[in-house]
Structure formats: C-alpha cells, structure tokens
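Notes follow the structure.
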Amino acid sequence: MGILEVKNVGKRFGGLQALGDVNLSVKENTVHAIIGPNGAGKSTLLNCLVGKLIPDTGSVMFDGQSVLGRKPYEINQMGISRVFQTPEIFGDLSVLENMLIPCFAKRDGAFSLNAITSVPSEKDVLEKAEAMLEEMNMADKRHMHAASMSRGDKRRLEIGMCLSQEPRLLLLDEPTAGMARADTNNTIDLLKEIKEQRDITIAIIEHDMHVVFSLADRITVLAQGTPLVEDDPQNIRGNPKVREAYLGESA
Amino acid sequence: MSKSAFSRRGVLKSGALAGTGLALPTIFTASSAAAFTNNPTGSSVTLGFNVPQTGPYADEGADELRAYQLAVEHLNGGGDGGMMNTFSSKELQGNGILGKEVKFVTGDTQTKSDAARASAKSMIEKDGAVMITGGSSSGVAIAVQGLCQEAGVIFMAGLTHSNDTTGKDKKANGFRHFFNGYMSGAALAPVLKNLYGTDRNAYHLTADYTWGWTQEESIAAATEALGWNTVEKVRTPLAATDFSSYIAPVLNSGADVLVLNHYGGNMVNSLTNAVQFGLREKVVNGKNFEIVVPLYSRLMAKGAGANVKGIHGSTNWHWSLQDEGSQAFVRSFGTKYGFPPSQAAHTVYCQTLLYADAVQRAGSFNPCAVVEALEDYEFDGLGNGKTLYRGEDHQCFKDVLVVRGKENPTSEFDLLEVVEVTPAAQVTYPADHPMFAGGALGSCNSGA
Amino acid sequence: MFGLDNKDTRLLLVVAVLTLCAPFILNPFPTDSAMAQFNAGYPDLMQRFVIFGIFAIGFNILFGLTGYLSFGHAAFLGVGSYSAVWMFKLLSMNVVPAILLSVVISGLFALLIGFVSLRRSGIYFSILTLAFAQMSFNLAYSVLTPITNGETGLQLTLDDPRVLGVSATADGSIPVTNLFGMEMRSTFEMALGPWAFQFNAGYYLCALILLAAFYLSIRIFRSPFGMMLRAVKSNQQRMNYTGLNTKPYTLAAFVISGMYAGLAGGLMASMDPLAGAERMQWTASGEVVLMTILGGAGTLIGPVLGAGFIKYFENIFSKINDHVLHSWFSFMPDGLEDFVVFIIHPFIGKGWHLTLGILFMLVVVFLPGGLVEGGQRIAKWVKGRKNKDDSASATKTPAE
Amino acid sequence: MDAILLQILNGLDKGSAYALIALGLTLIFGTLGVVNFAHGALFMIGAFCAVTVQRILNLSYEVVDETQKDFLGNPLKVKTSYVESWFGPEMGGAIIDWAVPIAILFAIPIMILIGFVMERGLIKHFYKREHADQILVTFGLAIVLQEVIKYFYGANPIQTASPEALSGVANVGALFGTEIFYPVWRIVYFFFSVVIIGGIFSFLQFTTFGMVVRAGMADRETVGLLGINIDRRFTIMFGIAAAVAGLAGVMYTPINSPNYHMGMDFLVLSFVVVVVGGMGSLPGAVLAGFMLGILEAFASMNEIKSILPGIDQIIIYVVAIIILLTRPRGLMGRKGVMEE
C-alpha cells in the first residue's frame, strides 16, 4: 500500500479525454517520476492530486484518506506540498518573509487572526525560517526582494518553503524547466540531498530524462492519458514500448 | 478656561488688539465678552454665501452669487441702490449694516448636505460669519438651517421649494422668502381649471426624494380639489437621465395631463422626453394632452429649449414683471452683468436686504433680535407685492406667478411669460396645515 | 515602545505631535492677514482631516495590504453615521454608545457584503462592492427615507424620544453631543498676538481616536496577519498551496476596514449629528480610493496625507473667490492685477475640482508612490546634499 | 402587450447608448490593459462637439431693431446667423436644423485626434503601471476635461434638437399590426449604434489590422515578438474607441440635453456593463448593454414597481450582482483577465 493511491482516475475536458483510466501507487519514502510526451496528461493528473481539478471518475487516497472534494489548502494541510513549473513565490515580499509564511501556516493552521503580535516577536517561527534559509544556503539573501532573484534561487526558495512545512509528499512539476544546465544540476543535487536527509516521498513530473534518471526510484510513463508502463528506471530505459511512445520521439 | 459653542472671531480681534504683538503674547480667552455667536465688534460684518458652485446646479449658484455681490454693493452704498430704493422700509442707509461695512465669504455646497454643512461651518468657525444664506435645493437648505440653529446664527434660505423647509423641518433661526410646493399647487390650480377644465386625468412623474414628494402631494391635492382625477403617481430615481421608460406608459394610461414634479436636469430631461414621445400632439378622451411643470425656472427652461413652449408652471419671480421693485432690480443686475437675473438671484437678493433691514431695525446683530424683527414683518417693494414674513413658520406669503413657456421668444432670456399673478391671499394656508405639520420652530438660538 | 520597533515608534510619535499640535500647525498665518485664507485650523476642518484620515487608514488595510480594491467603502461610513444618529435620537447624546454601535453595525454590514463580494477578485470584486454601495445609496435616498430621512439626511429633532436624557433643553433647543458631559462642540480659544488658535473638544477626541486607530494599523501591518494579507496580494496561488485559506484573511481585512469606516462615520455624526445619504454615493467611495492612492497605498502614513490633501482643497480652495484674489494682488498695477486674477480665476472657487484633477495627474505621473514617495525623495535629496557637503568638505580638507 | 413592446424598444434604445460606451471601454481595456475612467468624459466631449457645431452654425451678427425693446428697455439687438444670411433663411435654417448630423462629420476627426493625444501624451506611460495608478490618472483627467467644458459651456444642460424631419414620432407598431408610436430620433439612434457596432466587429474580424489587434488582445507579448508594431495599432485603436464614444455622445444630444457631468453619470454604469459582459469581451459588452437597458426599462414599469418599490433604483446593480455571482467572469469574460 503506497502513501498515495490513485485508482481509475479519469478526466474529460469537453471532447478531450485528458485522463483515461489512471492507476498509480507511490510508495512511502521513494522518488516516483511521472514522465510522458506533451499532452500525455501529466499536469492534469497533478492538478487532480492537489485539488485544483476534480476528476470525473476514480479515487485519490493520500495516507488512507480521500483528497477528492477538498480545497487545495486543505490537501496541503494533510501533508502534500507542491512545487510549480514556474516558481510560485511571494514576489513582493522579502526572502525571509517568504520562508516565514509556510512556517506560520504549519504552526497556526489555515487561518489565524494573529493581528497584534509582531512578526519579530514570534521567535520560534523566526528561528525555524532562518534555519531553513540556512539549509537552502540563502541566509545571505534574507532581505532581498524575492521577485528580484534568479530563477534558480526562486526555485530553491520555493522548495525550501515547501520543505519548511514538513510535508509527507512533495510534488514537483517540472522543477528544472527552462533552467540552464548549471542550475539544473544544482537542483538535482538539492533534491538528492533532500531525499537522503529527510523522510519524505517525492513525486516528480519531468521532461528532462537526465533529471529523471538521476533521481527516480520508480517511473510511470503516461501516454494519451493512460499509464503505459510502471517500472524501475533501468527497465524503463530498455522498454521498447516506452522508446516508441516517448523516447523515440524525442531522440 | 471657558467654553463657547462656536468661534468668536470678533472677540479674538479685540484680543489681538489688546496684545502687543509677538514680543508680548497675550493669551486671551473668550469668557463672557460675547453675547452671541460671532458678534461683529470691528468695523465690518461678515455674511456667508453658501451656494452650489460645482455639480448640476452650479449655474444657479453662480447667479445667486452675482445677486449677493450686488446686494453687498448696494448695502455698502455702491451702485444704483437697486431694490433698496423701492423697499418699503427705509432703514438701510447705504452705509453697510449698523454702520459696519458688509463683507462676505463664499463657499461651495456641491448640492450635498454634508458638504454644505462643512462649508457653512467653516464660515462660522473660521470667518466669523454672522448670517448664512444660499442653497439651491431643499435637502441642503434644511441641513444648513439645522446647523445654523445649533450654531446660533441666522439662516436666510435661498432657492428651496419643499414644504418641509418651513414645515416639519422649520427652525427658529431660519427664514424662507421663496415659495413652496403648496403655494405652487394653490396658484396653479385656478389657472389649470380655466385652461383645461375640471374633468381631467393627471399622471404624476415625481423625483423620488423629499422635495418631489411634497410637491406631488401639494399639486395632487390642489388639482383633486378642482375635480381632477389622479391616475398614477410614479417615482423616478434621482440619478435617472433617460425618462423614456417612465414616459412611455403615460401614453396608454388614459391620462390627459402629465405633471412633472422634477427640477433641474431631471426636469429638462423628462420634459424633453415627454415632448419627444409626441405627448403634446396627442388627443386623449377628446382633449388635448397637456404637460404641467409646477416649479419652473428660467435656467431650466433654457436647457429644455423649444420644448417648454406653451407649458405652464409656477415661479417665485420673473424679470419681466413690471412693478417698480422688479424693474429696479433687473436694471441694476442687467447693467452690471449684461443679462436679466433668475428667480434664484432675486430671492437671495431679497433675503440679504431683508436680513440687513431686520438688523438695522433691531439695532443689533443678535440672532434673537433679528428673529424678532423679521417675525410677522410686513413689507413691500421687493418685486412680489405686499409680503408677510409669518412668525409662526418663518415663511414669506406673497404673490406667486403662473408662467407659460413663450411661443416666440425674442431673445435667449425671453423664455417665459407671466400668465397670472396669483394674489398672496389665495396661496396662504394656516400654519398648522397637515402638509406642514410635525416639527416645531423651537426657540431662537443666539449661541450664548 | 508600545511593542513597536524604533522606526514605527518614531512615526507614531511624529503623528501624535502633529495631530495634537494641529491647531497651531494649521493656523500659520495671522488671522487678519491676506494669507489667513489658507489657514485650516478651525474645528470643523481639523475634525474632517482626522476623520477621513481614519477612514483612509482603514481602507488601506484592505487595499494597501491585500490589493482588493473596494469601490463601495463609503457605504460603511454611511451606515456608521446613520447608526450613530439613531443612537443619539433614541438612547443618549453621549458619543460613546453611538460610536460603539456604528462600529458594530458597519462591521456586520461589511461582513455581509464582504462575504458575498469576496467570492470574486480583481475588477469583479470592485464592481460587486460598487453595486452594493450604490444600492445602499439609492435606497437610502428614496425608499428607505423613513430610516434615513432621504435627501435631507437624518437629523436630530426636538421631539426625539431619547431614553437617557431630554428631548429638548430647557431653552428649547436640541441637546448637543457630548462625552460624559463634555460638549463636543466646545472650543477653547487662544489669541497669541495676531494669531488665533482654536482648541476643540471634539477635535481632540477624534485626534486621540485617530492615534489609536493609527497605532492599531501599525500593529496590523507588522503582525503575522498583516504579512499574510500582503502575501494574499502577492500570490494567492502560493497561499492556497501553502495550506492557507485566503478567504477568511481577506474577509477579516474587509471587516476590519469596514469597521474603521464605521468608526469614521460614527465620529462624523458625533461631531455634527447629521447623516446624509450622499456619504454612501460612489463618488464618496471613489474619494477614499483617491486619498489612499494619492497618499501612497500600502504605506502607513500615506492615506492620512492623502485624506488631508483632498479635504484641504475641498474646503480651502473652494472658498477663494475673485474678491479674495483681488485683495491679494491689489499691490499690482490695475491691468496686471486683473490679468493675474483672470489667469488664476479658473482654478479657485468653483474651479477647485479642476485644480484637484490636475494635481491628481501630476502626482500620479511624477510620484508613482504617491505623496509618501514625494516625502521620501525630498528626504533623500536633503540627505544627499548633506552627504555631498560632507564628502566635499572631507575631500577639501586634505587639499588645504 | 403594447406596453411591453414599448418597453423593449426603450430598453434597446437605452441599451444602444450603454453598448456604445461600453464597447469603447472594453476595447481600450482589451487592447491596452488600461482602466480608463476618462471614457465617460470622451462621451461627454462628443456631445459637446454637437453643441459646438450648433453654436458655430448659429454664430450671428446683431442688428438693432428700434421697434422692440430688450429686458433693460434698450432697443433690441436682433441676431441673425451668418449661415442664414449666406444661404438664405430657408437653406440656412435647414443647415442649422441639421446641426447634429453635421456634427458627426466634425466629431470623427476631433475625437480621433483627442484619442491620439490622450494615448500618446498620457495613457501610454501607464501601460505598465498598476491599475490603481491608471484609475487615479484617468479620473484626474476626467475631472479636468469636464471642468474645462464647464468653464466654457456652463453647468446647465444645453438643448440641441434633432432635425425637424427626424423629431416626430413614427408608428413602429405597424410592423406588428398594432399602433405603437415611438420617437423617430430614438429609432435613428438605435440603428446608428447597430451600424457602429457592426462596423467595429467587421473591422476587427475581416481586416488584417483587426486580426493583429485581436491577436494582440489575446496575447500581447507574442504578437510583439513577431516584430509587429503593436503599439502604433493600439494608438489607432484608442483613437477609434474615442471616436465611438464621441459619436455615441453626438447622437445622444437630441435625446437628452447634454451637460458637463453627463460623462460621470454614465461612467459607473458603463463599467458595470463592461464587467457584466466580461472584461475585454466585445460581444459581452454589447450583449450586457442591451440586456441591462431592457431590464432597466422593465423595472420602471408601474406594474413591477408596485410589487417591488424602488426596484428601478437598483435593478442594474441587482442584475450585476446576480450575474457576477453565477458567472464569475461576467457573461463572456475570459479567464484571468483583471482578476489579480
């Protein structure tokens, strides 16, 4: 039994069957990659997991509880954090504040009318956020305007923000899309580090095979809205069906 | 430390005189020096002219301001003296009021009761005005009248036609020279009877706020007394600009008279729309369809252009009147500004003279003395014939004009012609008339 | 001090000094001088500065922090005023229950409108709030006249059934609003040489409440709650995926700012017991938007500056007439005097709108951050000049 | 039945004005991303173009007529307009009579010019600024424009009549076999607006220029990347939007006498129309304009008012609220536009 169980999920947009009949099981403390050509339904699937979309059929269970019908923030509070394709951070806020917000969310829940204490007086949250910045090697940037950072730094910050919530499942949506090679490698290293140091399950959607094969313990190949095959990386590499549907195309 | 209700700039001035400038600052507190709010102790007295300078009634406000400036000029002995020469009281000497030079401050009411009160307060608190006058709508007049009562200064209302101003919202410190909705009805009814007979079906379109309601009530009562039937009373939103959807149902309602209880832009548009829909060419129940605009003003008639031709209404005063007072006023106003004054200009000019005269007769600026001098005061020579300022409600009773849109105007000012001068006796009502009931004058407040 | 950091404490103290000394600061010109026209230190206008300051501070909590642009905030001001006047009519002339009721009622009204309007964002939210406020205004002006007294505005009368207190005073007038016996309109006057200063009880009550409101706003800005509101403005998507429910945050901000508006409305009625329907019109809502943007949205002090700026023009510029102009320029030769008056004439008196419109454009074109940015630029320029002087003298010394 | 038909006509007529103003507003918003609070002022300026043409045609010289007296008792100066003296009273009178239609020719270049100047001189600096700043600057501009008009034309409404030939009523009921009389000029206004709206749509639909603009509305950046000078086209669009608002104003003058604040009166309403239609959607704006016009007309019927007193005061807002709550982006709005 995996921590995330997707059963018979289907989703239609008008005449387009975006997801056919998806079954997926993500084991705890593994890195599970979902790959597939453009339009295979990867993003739709992801959106079904986090509450942005509600599938027409099937079920999505996280740690034995259904996520369907819950709002994104409720699903997040259950322990699923999401990293976006283009980093979603609070651009108008400082880096430190960006890190503080998930820490407050972790401590105070989805809403708290904490309007009288001042931020600097919240020592415990502050320490936690500072520690996470330290871990992300961003402590020196703490007073920077988040929007003015490089793409790689924004990605680091976003991952740090997700981690500070101590999620049990981290969803990454093409975390290296549009990155230069150096930034990509940094991100891979960061993710490897996370995988090694934390009790965390990671599900990753990725285009870049280099990233996938450096990180994944298990790979699901999606094509035209249905899983083609699910296997270990080395088997995927050799699978002719995958080559044909996906790798062959891009190679 | 002492407490005083409102500023007493007059006292401050004497305080300033007592001090010896910066070197030796004197701290002066107003203890019992002043007997009433803003007692003018210097060589001049300040009046506050509070008129709409922005918003839809800005042109009326501008005309009122012109008349005020003319009145001040005349009071101070300038110009040809205007109606001061024809006024039945000869107390005013052309040397200001009680020998003090008349000065004035102006403000913008924006035709909003809030803004009007703010402006009036600044005149009282900052400029030391001892009398506030002006206004071009009843809501504003009532709001400012209430303020003046609290502050202990005299309020001489400008253009305000609602029954409430001297009805349920009357105040001891407030006075109205202008006529009201009841008077419009009483003056119009006999004329309408002569013109259109006693068997008519009237349809009312009414601006949906207090002034509109009181006028609708007055006109409906007056015409029903003639034997007319009121088919429908429809309220229209103040913000309405296109009245087509209110005019259209009139066509099939069986009514043969349309009464437009609108003023300003509302009146211009509703009348224009009614004419557009061909109401005037219609024949209903074998009679020509007629439109009546109970409260007319020349400035509005200008906005409606040719549409006013042949349409009857009432007005407080018109420049074409041939009595001595009106002629004198038109002459001095026309000579100074190049066009004839509006009824708004006339009423505020009269109010200024009446106030000055009352002070002169009372020998004091004390509001309570002024109130006493104005109550039940009878005068003549201000263009409306013999007039009474009734003590019970501070309303002037005088002749009311019934006018008609002129068919062949000779100039851009010559838009209305006087059909009948309804004598004061015919528009007089008892002070406890139900349309004016509720509310009390209270007692005069001098702010002491 | 007061749980604020040094910078904020300094700001609060500056505001405190400015408001408490306003009767002096706003009356810089001797009473009889020609420039006295520009004096703003009389009770009514000082009260208005402060009350609209409170209104704008509250509006800024919603707009400045969350970015939700409400075009209907005047409705809460109006509801506050009506509540307060009804309290005077029915209960007591003491301002405390009136102000409390106005805050509570407008808070509830804001809760209702906010709950519905906040289902949408961006301009759709703005139009929803506008629609609610315009509905309130139109109804208050017409159908709801029994409650609001329509066009004239709700006033006190001599026969109000006041439970605690009398309907009319012994001398037959309407009792005045007071704070436990201290009349709001009582004014202490001080003549200091040619100057005259007025200290009004009502103004000082408003000023103290402004300071409290300002202090509270600083606390909100610096609190985790305030940070969350800024996060809402910055990225709602990230908020949702960080386990935060944005709806109660925006609703709380909306209600708080609605209560500020109600407080302002209640104070307005306490200073002058009249509640007019046009307080709720869209132009009134637009005015507070303009005040906030003009002063600097999202800054602490900006909205107060913006409120003062607009109210000053409305009350001072509208009162300047040709007569006054002629008296100013009477020193000039006749022809020149007339010419100067002719040039200035369109911008004063009835032209005060024009001046205000031009200033809006100038400020927004040249000072994108509002008046606050103007202040910062001046401060920078002064500092820069000082630094330059310092460095200039520093480089000079060795040369000598 | 007739009453209902009549109100539908009224609604279409009101709706024409709403739709025309909203069309320009949403066009500017869709192409330039600017919230233009001065759009109502453009409508007002259009109306005053008609007033100005009427004034110009009525420019006159004065002849002293000793037989008549003016209000001060001096000999009356009789005014005769130059147009009448040049073309004879008949022809001249006819020209003056047709002042409003003539004003259309006059208004088009003027409005386009005003649009260009506004866009190049002011609006273009605000493309990248926040909507709040755009609101402040265009609101300031609207105040300035209307105060300038007030300075020259006063605050009172100024009557500008339609040509004699077009000012009566016509029996439109004949089409349905009954008798419904409706003002000719209002019918003209309706068809005029249909032509303008049709013109704008076909212009955007069938010309290359229109295609580029539509593409730019959908995705400004991409079109910019294609090396197309989108800015110049947007300037032209601003001119067109100004001209549409101006023409709506010119043609509106005989319906209601124009005054300097008529733009502000329409501003809030036109924003409601645009938003109900969906920000940036041209068909949405037109649809919402006509829909709100018709609903407003029905709400003012006695039969409805007697059930719901005051409904005509708030109908527009009630409808706006209902639509925005049921359709998050208005009738035809696109996702993500103006939602931040």
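Per-chain residue numbering starts at 1, and chain names A, B, C and D are given in the order in which the chains are listed.
The definition used in the following text is that contacts are C-beta pairs under 8 Å (C-beta built on N, C-alpha and C of every residue); 3 or more make two chains touch, one makes a residue touch a chain.
Model, not experiment: these values are computed from the prediction.
Colleague: By mean C-alpha position, what chain is farthest away from chain C?
Modeller: Farthest by centroid: A.
Colleague: As a quick test, compute the distance in whole Å between the mean CA positions of chain A and chain C.
Modeller: 47
Colleague: Could you work out how far the Cα centre of chain C sits from that of chain D, in whole Å?
Modeller: 35
Colleague: Distance between chain A and chain D based on Cα centroids, please, to the nearest Å.
Modeller: Measuring from centre to centre gives 51 Å for this pair.
Colleague: From the C-alpha centre of chain A to that of chain B, how far is it in Å?
Modeller: Each chain's C-alpha centroid was found; their separation is 74 Å.
Colleague: Hey, what residues on chain D touch two or more of the other chains?
Modeller: Residues 310, 313.
Colleague: Scan chain A for residues touching two or more other chains and write them down.
Modeller: If we look for residues of chain A contacting two or more partner chains, we find none.
Colleague: Out of chain B, which residues touch more than one other chain, so two or more?
Modeller: 54, 58, 62, 208, 235, 237, 239
Colleague: Taking all chains into account, which pairs touch?
Modeller: A-C, B-C, B-D, C-D
Colleague: Show which residues of chain C lie in contact with chain A when the two form their complex.
Modeller: By the definition above, chain C touches chain A via 3-5, 219-220, 222-228, 230-231, 233-235, 237-246, 248-249, 252, 256.
Colleague: For a test of understanding, state which residues of chain B touch chain D in their complex under the given definition.
Modeller: Residues of chain B touching chain D: 54-59, 62, 208, 232, 234-237, 239, 241-242, 244-246, 248-249, 251-252, 265, 268-269, 272-273, 276-278, 281, 299-300, 302-307, 319-320, 330-331, 334-335, 339-340, 410-411, 413-414.
Colleague: Name, in rising order, each residue of chain D that touches chain B in their complex.
Modeller: Chain D reaches chain B through residues 2-3, 6-7, 9-11, 13-14, 17, 68, 70-73, 76, 150, 154-159, 161, 167-169, 181-183, 185-186, 255-257, 259, 261-262, 265-266, 296-298, 300-302, 305, 310, 312-313.
Colleague: Within their complex, state which residues of chain A touch chain C.
Modeller: So the residues of chain A in touch with chain C come to 50, 71-74, 76-77, 81-82, 84, 88-93, 97, 100-102, 104-106, 108-122, 125, 161, 165.
Colleague: Would you mind writing out the residues of chain B in touch with chain C in their complex?
Modeller: My answer: residues 1-9, 11-13, 15-16, 19-22, 25-30, 53-54, 58, 61-62, 65, 69, 104-108, 112-115, 117-119, 121-122, 125-126, 137-139, 142-143, 146-147, 149-150, 164, 169, 172, 208-211, 235, 237-239, 439-440, 442-443, 445.
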